[in-house]
Amino acid sequence: MAHEIERLGEARIQSPILLGTQSGDLLADYTPDDARVVADVELSKIMASLKRGETPSSFEEAGPRQNIYFDAKKLKVGIVTCGGLCPGLNNIIRGLVMTLHHGYGVSGIYGFKYGFAGLNPKAGHPLMELTPESVRNIHTQGGTMLGTSRGPQPPEVMVDTLEQCNVRLLFAVGGDGTFRGALALHEEIKKRGLKVGIVAIPKTIDNDIPLIDKTFGFDTAVRLAKDAIMAAYYEAQSADRGIGLVKLMGRDSGFIAASATLSARVVNLVLIPELPFTFEGENGLFDYLQGRFKARKSTVIVVAEGAGQDLVSGTGQKDKSGNAKLVDIGSFLKEQITSHFSRTLDVSLKYIDPSYIIRSAPADSNDAIFCGHLAQAAAHAGMSGRTGMAVGSSHGRWTHLPLTELVGNRKQLDPEGPLWLSVLESTGQPFYLTNEPPKNLERLSFVPSSHL
Amino acid sequence: MAHEIERLGEARIQSPILLGTQSGDLLADYTPDDARVVADVELSKIMASLKRGETPSSFEEAGPRQNIYFDAKKLKVGIVTCGGLCPGLNNIIRGLVMTLHHGYGVSGIYGFKYGFAGLNPKAGHPLMELTPESVRNIHTQGGTMLGTSRGPQPPEVMVDTLEQCNVRLLFAVGGDGTFRGALALHEEIKKRGLKVGIVAIPKTIDNDIPLIDKTFGFDTAVRLAKDAIMAAYYEAQSADRGIGLVKLMGRDSGFIAASATLSARVVNLVLIPELPFTFEGENGLFDYLQGRFKARKSTVIVVAEGAGQDLVSGTGQKDKSGNAKLVDIGSFLKEQITSHFSRTLDVSLKYIDPSYIIRSAPADSNDAIFCGHLAQAAAHAGMSGRTGMAVGSSHGRWTHLPLTELVGNRKQLDPEGPLWLSVLESTGQPFYLTNEPPKNLERLSFVPSSHL
Amino acid sequence: MAHEIERLGEARIQSPILLGTQSGDLLADYTPDDARVVADVELSKIMASLKRGETPSSFEEAGPRQNIYFDAKKLKVGIVTCGGLCPGLNNIIRGLVMTLHHGYGVSGIYGFKYGFAGLNPKAGHPLMELTPESVRNIHTQGGTMLGTSRGPQPPEVMVDTLEQCNVRLLFAVGGDGTFRGALALHEEIKKRGLKVGIVAIPKTIDNDIPLIDKTFGFDTAVRLAKDAIMAAYYEAQSADRGIGLVKLMGRDSGFIAASATLSARVVNLVLIPELPFTFEGENGLFDYLQGRFKARKSTVIVVAEGAGQDLVSGTGQKDKSGNAKLVDIGSFLKEQITSHFSRTLDVSLKYIDPSYIIRSAPADSNDAIFCGHLAQAAAHAGMSGRTGMAVGSSHGRWTHLPLTELVGNRKQLDPEGPLWLSVLESTGQPFYLTNEPPKNLERLSFVPSSHL
Amino acid sequence: MAHEIERLGEARIQSPILLGTQSGDLLADYTPDDARVVADVELSKIMASLKRGETPSSFEEAGPRQNIYFDAKKLKVGIVTCGGLCPGLNNIIRGLVMTLHHGYGVSGIYGFKYGFAGLNPKAGHPLMELTPESVRNIHTQGGTMLGTSRGPQPPEVMVDTLEQCNVRLLFAVGGDGTFRGALALHEEIKKRGLKVGIVAIPKTIDNDIPLIDKTFGFDTAVRLAKDAIMAAYYEAQSADRGIGLVKLMGRDSGFIAASATLSARVVNLVLIPELPFTFEGENGLFDYLQGRFKARKSTVIVVAEGAGQDLVSGTGQKDKSGNAKLVDIGSFLKEQITSHFSRTLDVSLKYIDPSYIIRSAPADSNDAIFCGHLAQAAAHAGMSGRTGMAVGSSHGRWTHLPLTELVGNRKQLDPEGPLWLSVLESTGQPFYLTNEPPKNLERLSFVPSSHL
């Protein structure tokens, strides 16, 4: 599978970025158009596809091309940030502006304000001119200097706006909803026969985008989630039969919950969307807690927001991004546990929801570097005429990914893989919190008894 | 190339860690013995080796095996930390103890104190018993609870000690010197026909170990290096013709210097061991600074400790680890610049050397997670009977690497690759600070003029 | 007013701490028993009391006495921590143990677990022996190693416990409820004719203890509250008509809300218990917001938990500490504002409640120093035979305060003083959010229009 | 002593800041011109001065006056920052601009660049206009946006500049050298019969200004110094006979060294300018270390830069600020200790000098609040016509202090007072490191043996 990237046309212009083309001259090189990295690093999978007579699946490598599509002097570029906040948004904006301006000499760079709404004249948000001077220090601040909002806008209206502004290259920063919007834009642009590039930069604090290693802001989110967990731990430890409960982001995937647990090393139980659990019964949550309080004074629980949604009658509503509105599992757990034990055992539960504190934080050191690379990759891709695509990191390399393959897919944590195994080992929690665990399990958790 | 890992013998014991073996049961699985990841992810390299009729080069994947070599009940394990400090050492120790104790039920875990010296009875350091209780909170502290030292000890003496202590599995945490020591131990053990496992966990703050993605502590080091750079930036900005100069770790490789620069985004010039530079001449450092002060009030310079060593007559000495003693390039630069400009221009230079502050820091969130995985991988490898090897992360997977391939090799930053390109773009610094740059360069830096 | 401190009896034992008694020998000196600091530093108040023929009101100074009451060799000491968490609890415990052990040579130091409940045999909590070794690193952790709980216990039962344990000196760390409990203990002890010292160390995250400069943990709380405010600010700034709402601690006093506002410098409106406000009407909260959104895109509001309690029908309940259960003003404000504007204006409100994250944090640098001094002052006071008292900082000096004067009194922020003036200046908020402001106000806020 | 403050003339203009004048209306009040706080809070000193028939010494309270001297509409204001960096400089600048602009309506606010040099046309630094917009976010950055330099300029030249710019009120932020410069300016202004106000804001990272509680930036400096100490501690602990040595700021006073020691609680020996020490002899530093290494594996030493200057032949030079150039006591100690023990004992010494990292840091939360108050106090004082003065905090109140009383005086740590006593207790270090300690000392340190 070649994960083909669409192009607006032939790249005939010599890049104003002057780089090398040969090895050994100590001069940084252009990325050749045929540079590709394999999609899967497992040797067995690669050999299997070869056996089937197929070239192993691979992604195009990102980087500056020797020949580009757009004439930087005449080009007007737009940037839009969509959806919930995530650490690093300002770094992305800054990186795009710096590369486009200093590298390519693009002088017309504009921000559309408050998400896709900024592309709809009805919202009445004026364009914001972006210059190296205006973005220089924004990466030290959280949030997005362009503002953001949730929800789609009619693609026809948005393309009208692009045409009226004469913007020929749009960078859209966002998650699954943004991919859908970007793809709709891309379709409408092609329908009209326009030559306008659409390049997405994946943003989701849940780290659930397929095909890529991780999303920007994730490391920062995990560090802050860990801080919230430590708070829950200290509260739990300081009370007689104390329970510290932390709700973390993760609509469909437990990546933040799992990683923050591994960072903090004080969690006893992690609940994630990928694994069902029950309250009642021999192997349910209540019995687990009852058992723990026989031996321990405190318990720290981390729950991802998408966990246990089957336990409650859903809201049936959707948010503006089109995602199902989740029940607040944190408050629900708090009520269930408190109410259950009120009859039998005097427990003290403290509930912490750090979501907005995490989402709005400036990017940590690691994410700042990551965002810088992503923005540069996106700028180079856009200038080369690539479109209908996103940039990402795959196996540590910067790559191009077709939007069509990202839309509607979520990466989930593999409960049988090494990350979750590490969580099981760190927490000592049961493999299953359900009534019907596999019969052949001789012991129910990685460790004989919880070690925390 | 198969990067073969040696084994002490057949693994015949069912692991006390009870995991799954099949997909779909939501139970974490053992890692099969034949799981491998490719050594190179570039499609062209893989296809080239296939054309040559070779299987693509690959590494064995790390993880818990269903059958192991050692009987945990009878096993005594040793841990030793060697060389300079690095964030995460205590996390590694903690992770080894936790996995060996809780996962495998090993109860005899001992630390050798102060590096390889702890394996030499002459030094007189008593063994230190390690338990889950004694290591529980050490990861919140910097340094290593076992102590460390530089320099080798006679392998015969060390193997005598292992025999006397009845330690059959030794984990050695350290860098190139430690690899050499571990390999010497391994050879001596084989010479004596003993069945003692030697597993290394790579530690180098410079991130210069070949074959692996990065070493633990690197992200923390970069974050703290960035803080030192910001200090230099504020000092430089607050003075008329201010120069902020920061010396960072990096004996042979500019990884910390480059990454911290990308994290801070305020550096104007990075000097690394991989790229030569001169002081005098049309394209030398002095002329660069002279030129900058025509347009700018301040300049921030980052220098890796191994840069510019050809400019000074070396010390000719070696440190206890056997590394050539470097000239202090930071102080040397400070003197050269101050003395040069004292004749012409009133500059104010502030020099910052944050080395010990960085080396001694506790691991950040990201490194804490990384160390946890490494320690688990090492424990699983050791219990399975693997020996003469190290664990690492390759393309995001945990892998086994033969010590013979690590010893004496250093990973260096590719001046023609994307990381350095990103530095050139961020700093706007000249491609070359030498007198004879390539003739065909139409412009001398990535950006028309420095943008900071 | 002399703020007299009770004593158990004459101090006849030479202190094992050997200090100087004369100036000029560079040897740290004992604090003389007659050292006092004035209770009020305003010159006019001091002169007024002199005119009335009174000596100015003053407090006894804390510090090591040359002669002490207890024989350290035979003494058993108890420590108890009560009420909600507050940064620095572990520093206080550590400081007490270190001074009593190293300074005086007390070897029998015991912790009562989980607040006053630990002094009631019914709760079944065993005593915890405290040694320099066991407390060495606890100050790096949040919470309290002794555990805590809310609520009183019968003084008779607690004194029985002290007698049975032979504890002759009790240190109680807590707030107003703890003062009441300590005073009840003190009365019961006197009733029985016992010679048992009771020394309190004031703890309240609200900083509302009278007679003293500030309470420990306050600086840390303000720093963390500021971080939460910055999160609210970034959320508000990133939305079209965004409102960031932060609820902070402060049952009766707006000190944290005011100080965190001055630290962050991004708040537009602070609501505190000392100043009433209304929703409706020409000068109410709704009109203020309506007005702001004409000129501004975002608003940051900080509300102390005790503010606006008159606007809602109270719960009528009390918590275990005997405090009236407050209505959750943060959620209430969120609902009121969202519901009001849903009819007219599309606002986006993000609500942050960082309480547990703040309360459970380890003490910052400044609080660590402060706690060290407090603990030493308390240890010296207790050893000297002082009882029925608390230690504190008054005008920067360490002082002794009678418990009778602390119980039932709350320090409040003076809306006419310099702290609130500084808030008005920083926020540009209206002097009054009520329907009947004074008629003679020519302009309604410190600044002509909000400057943020 | 009345610590009289000079005024430019009668304050006849109603302040544009409209505040209250009576208690009970919940409206923030003006500070009356006769509000004063006592200079000394010890009751005995106050009573002694009364016995002598004197009114107790007191300071004028700072705050907004109802009547002011300058017509804000016509006023031009200057700000200058001088000397070494200190956390909070930008907060001071921001606070001055915000209060002058928003509170009083001053629109002509200008910064003189790079210290007093900015007032000398020879240096050629253009004036920098300061507005709320230009200073809004500067407090998140370290250093000073105005730049700074050391050294005086001719007062005649500087007054010429003020006249030419028509600046009638100058705020000078700096330490003792700046006070001298400001006083020289003030004298020259009076000589010329001009009505130009000079208001200083004390800045010294050493916290050695007399009459005031503390200087801004001190808490931040202590926190960062503590971080450096922790690094030294981890280095020392990780080596066999490891010594961690940290040099901290403190030319004449050990305040930072003492406070950072109390914050970290891991230091074994603090050397300060106020207390002499010797290397050799029975009670010298070498013997102390020799003794420690009999029982301990590591030692942490903190030395203030001004300590032990008598042990080395001074440089005889002065820096641009006129201060004697100190010998680098840190490097000197490192050499002396290393060289001494090279003959007898294998010690491993790591030396850390964090000075620039500390000086250039942005202000912490607490200092941000402190700076805000100081800047407001200074703005109010200047607008009221006060001159030849500085603002400060005395016993927790904001006060006015005559420059004549600050110049040439240094506050020192009292080796017989509670701060140093606390250090002795925390470190367990000997009272004296000299050959002739007092004969009557029965034991040589606060604690029987070091407890760390």
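We just call them A, B, C and D in the order they show up, numbering each chain from 1.
Note that in this section a residue touches a chain if its C-beta (ideal position, glycine included) is under 8 Å from a C-beta of that chain, and two chains touch if they have at least 3 such contacts.
The structure presented is a predicted model; accordingly, all values stated were derived computationally and were not measured.
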Each chain counted as touching chain B and chain C at once: A, D
Taking each chain's C-alpha mean as its centre, the one farthest from chain D: A
Distance between chain centroids, defined by C-alpha means - chain C, chain D (Å): 28
Mean-CA-position distance for chain C and chain A (Å): 41
Whole-Å gap between the CA centroids of chain A and chain D: 46
Junction residues of chain D, two or more chains touched: 141
Chain D-touching residues of chain C, taken from the complex the two chains share: 17-20, 23, 25-29, 31, 34-38, 41-44, 46-47, 50, 55-56, 58, 63-64, 94, 98-99, 101-103, 105, 132, 139, 213, 219, 222-223, 226, 259, 262-263, 265, 275, 364-366, 368-369, 372-373, 376, 395-398, 415-418, 420-422, 424-426, 428, 431-432, 438, 441-443, 446-448, 451
Residue ranges of chain D touching chain B (in the complex, touch as defined): 85, 113-114, 117, 123, 125, 141-144, 147-149, 227-228, 230-232, 234-235, 237-240, 297, 348, 350-354, 356-357, 359-361
